[in-house]
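Here come two complexes built around chain A, the first alongside chain B, the second alongside chain C.
And then the complex of A and B:
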């Protein structure tokens, strides 16, 4: 039988975004793959060089449109280091609250899309339904459901509205038993196991060689989670387990993400308790006025002259829902960052696609790529 | 691992192939090296346990360009930054793919956006920009606005 290249994408139900997976096949067997990216390249790193530090936050929400708050947190950690600003503790807890809720929302979105890919239709609705509860919470304190623009250099824009922590606890109380239902729906289904077990294998050594991180690496049994290994914000004060699985296959990645959502709920209970007990400022006192609109709340804005403001570099790494994300911000003393570099976890996970796709069948591509959880916004930036 | 410990470990084997080892926030340090010795430095640092290459990127400092590599070690749970300067007129450096295969896409991206060529790269093609795209957007000479527009903006602020 002769070989041929086929294009899966840019418009294909498997891609979940705008990209093209070129596949070389012989019959049904995959011989080689070549992902074609760039359909969504907006030059976020370049645009950042032309904006005030606080204006870059707008771009962060659009970098990954299912985990905007995690990217805001990533950028803020690096930018604050470059600008020599330290946020108050309550703001750091609020950021962790954002990040963990965002992790659950992102994983629920993944769950909805992935399970639909392998032919189970109703879990899609359950996943989207439960994600909506979290979006409602986001809306109640950031004002938006998708593009939040909530964090600022020096803290967060506003504190939580009254009664928020109780509403959030209600959502968490509702979510926890749902994860059990999801497991019953999927792990109890023969279709799920037939389509997922033993597919897309990538051992831990291969993962590290090819830069693969996040749930894909943890599904191979490697316990690497930056929240635990290199705690940022206030993660060193929170109690949680790193989710791992063995198998290094699609089912393993499913198990890791499910366990991660449970652990996020566990973290969120602790964060909500802390927020109840510790009222305080959510914005640093001394802020450079030139950081960009919108300014700090009236009465809180410090005034530092731009002239002779110290230079600096900022470097941050967070465990984003998809894996290890990095930001590198160079402050050369101007109003705008001199250079901003982001490392997207999905970018590296996709770059390794040849190593977990070759040898499988064409019909295995949707479950395997679904288990990677591709977010094209952060790959192309 | 502290910065001075990093220097003590690397200096005997690499000598003056590394120009300096300096403190860098939240990492083990930044190792600046001569670009001719790139592969030696990559191998030495890899042997220290930095098996995971997080990213490769470039900065345009107008008179020269900087290539940086960010690496992670599972043993010490730390990042380290490698960096080298290349002249803008002759911007090329040895590819890191023989040591870290994950450098592949990161170097493709750096090549097309910052115009730094990676020698002996297995597959140096456009990744995010279309084939044949002749610009390098992350260079400082690539302006997003016309100069007069920039002026208006500056006055407004």
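And then the complex of A and C:
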């Protein structure tokens, strides 16, 4: 049979966003793949150079629309290093609270989309239903469900509302047995195993060679987690395990994400206990005037040139729900960052798709690409 | 818990492989008959008091939908009476969707300018209400904005004032001012005493004080200027920077008062 190229995307149920997977097939077998990204490119790095340090966070929520708070945390860590600001400890715990809740929400979103890719409809509804509880929690303290704009240079915007920790604990108590239910629905189903076992193999060495990080690397048995290996914020004071599996396949990635959600719940219990016991300020008290939250700077060239704030360079790396995300912020003394650079984990994971797709069948593409957890806003930035 | 390695199937009856997920799904289905996770939106609303405790999972009550909390960032409410036209909301807007327009009914000689918001552009980030020094621009819990004409997305100040008068729950969060805020400083040799800063100051915190006119030495020409200088009252100043923007000689600047 002759070879042919087919386009899966930009509009395809498998892509979960705007990107195109070109596949060269012979019969049912994949010979070559060519991922095409860039349909959602908005130039976020360039726009950031024209915005004040705090205004960039409105872009961060839109960089990855399922893990906005994790990207806000990433940017703020780098920006604060560049601006020589140290947030108070309570603000750091609040950020960890945000990030871990966001990790659960992002993984639930992944779970919902992934099981639908392999043809199971009801788990999709369960995943979305439980994610909504977390979005309710987000709304009760950040003020929005998807675009949070919660973190500021020097801390976070506001403290938790009264009674929040009790409500959050109730949600966590609800979530833990649900993870067991998900396992019953997926791991207990023969259909799931027949569609996922042994697919999309990518060994740890190959993962490292191609820059693949996150649950894909951990599913290959490598214990690599920036929260443990390069602790940022207050992760060195928290007790958790790094989830690994040894399948290096789609089922392994499922197991890693499920275990990560359980570990996030474990972290969140500790964080909520800490927040109950340690009230305090959530904003650093020594801030440059133009970073003080209530104030907006005035745009006028003569005024901009007179500003003289210490220069600096900031770098941060966090374990985002999809993998290792890096940010680099250069502060040249003005009120805008001179340069902002982000490293998106999903971009690297997608770019390596040739190495875990070739040799499988066309019908295997949805489960394999579903297990990568593609977020196109983050790929294209 | 952490060593998740069980990828191989357990040895069980193959019938169970189908029956077990079906049983889980059937259990969920039976529960959802009595405890729905959704609401019938136009007829039921999240603001209804009966949804207040829907998040109460432990007590066995229905769960699934939350509520619209008071700090939800929806449509803005503007109290025109306390607005001082300082422009800080317009400056802080990342989307440039706020224009300062003349309020209807204000004195044409001294027009009062208040924010007009284009909700076609607004991203509901809340920077404007954070920036407002008087607390007159806040965000409410109103989230229904559908209109049939695109021009209806633009809310003039009067319409924002209507939202304010409808007494919706408002965002209760007020940010504290940082203590080490800079002050407006003057570069005296550049000043020409033109009064522009004092005229445009929204809080009237700038006073023009006389400065002594120096004696001209023989052969020296004194600069042509009005012999007055602005003095800023720091406790009234909201740091909006209007005086810096209007200064024709750029003699005002931000700095730390010694």
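Criterion: the second predicted complex is superposed on the first by the 366 of 381 C-alpha atoms of A that agree within 3 Å, B and C clash if a C-alpha of one lies under 4 Å from a C-alpha of the other, contacts with A are read in each partner's own complex, and residues count from 1 in each chain.
Everything that follows uses one rule, which is that a contact is a pair of C-beta atoms (placed from the backbone, for glycine too) under 8 Å apart; a residue touches a chain by one contact, two chains touch by 3 or more.
All values reported here derive from a predicted model rather than from experimental measurement.
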Original post:
With both structures lined up on chain A, is it a clash or a fit for chain B and chain C?
Top reply: fit
Original post:
Can A:359 be said to touch chain B (first), chain C (second), both, or neither?
Top reply: neither
Original post:
First (chain B), second (chain C), both or neither: which does A:317 touch?
Top reply: first
Original post:
After lining up the shared chain so the two structures overlap, which partner does A:231 touch, if you call chain B first and chain C second: first, second, both or neither?
Top reply: neither
Original post:
In the superposed arrangement, does A:13 touch chain B (first), chain C (second), both or neither?
Top reply: neither
**OP:** Please work out whether A:58 is in contact with chain B alone, chain C alone, both, or neither, and reply first, second, both or neither.
**Re:** second
Original post:
Once both structures sit on top of one another, what is the angle chain B-chain A-chain C taken between CA centres, to the nearest 10 degrees?
Top reply: 100
**OP:** Check the residue A:27 against both partner chains and state whether it touches chain B (first), chain C (second), both, or neither.
**Re:** neither
**OP:** Return first, second, both or neither, reflecting whether A:343 touches chain B, chain C, both chains, or no partner chain.
**Re:** first
Original post:
Counting only touches as set out at the top, which of chain B and chain C does A:242 meet: first, second, both, neither?
Top reply: second
Original post:
Between chain B and chain C, what is the shortest CA distance in the superposition, whole Å?
Top reply: 5
Subject >> Residues of chain A at both interfaces, chain B in one complex, chain C in the other >> reply: 290
Subject >> Interface residues, chain C side, partner chain A - complex >> reply: 1-7, 9, 14, 16-18, 20-21, 24-25, 28, 37, 55-58, 63-69, 71-73, 88-89, 91-92, 94, 123-127, 130-133, 139, 171, 173, 175-182, 239-242, 244-245, 250, 253-254
Original post:
Where on chain A does chain B make contact in their complex?
Top reply: 37-38, 41, 43, 45-47, 50, 81, 208-213, 222, 224, 229-230, 290, 312-317, 324, 326, 328, 330, 335, 338-339, 341, 343, 347-348, 350-352, 380-381
**OP:** Quick one: which bits of chain A touch chain C in the complex? Just the residue numbers, please.
**Re:** 51, 54-55, 58, 122, 126, 129, 132-133, 135-137, 139-141, 143-144, 147, 149, 157-158, 161, 167, 170-171, 173-174, 181, 184-186, 188-190, 193, 197, 241-247, 249, 251-252, 255-256, 258-259, 262-263, 283, 285-287, 289-290, 292-300, 302-303, 306-307
**OP:** Going by the contact rule at the top, pick out the chain B residues touching chain A in the complex.
**Re:** 24-27, 51-55, 57, 59-60, 68, 70, 72, 74, 77-79, 81, 100-102, 104-106, 113, 126-130, 137-138, 142, 144-145, 157
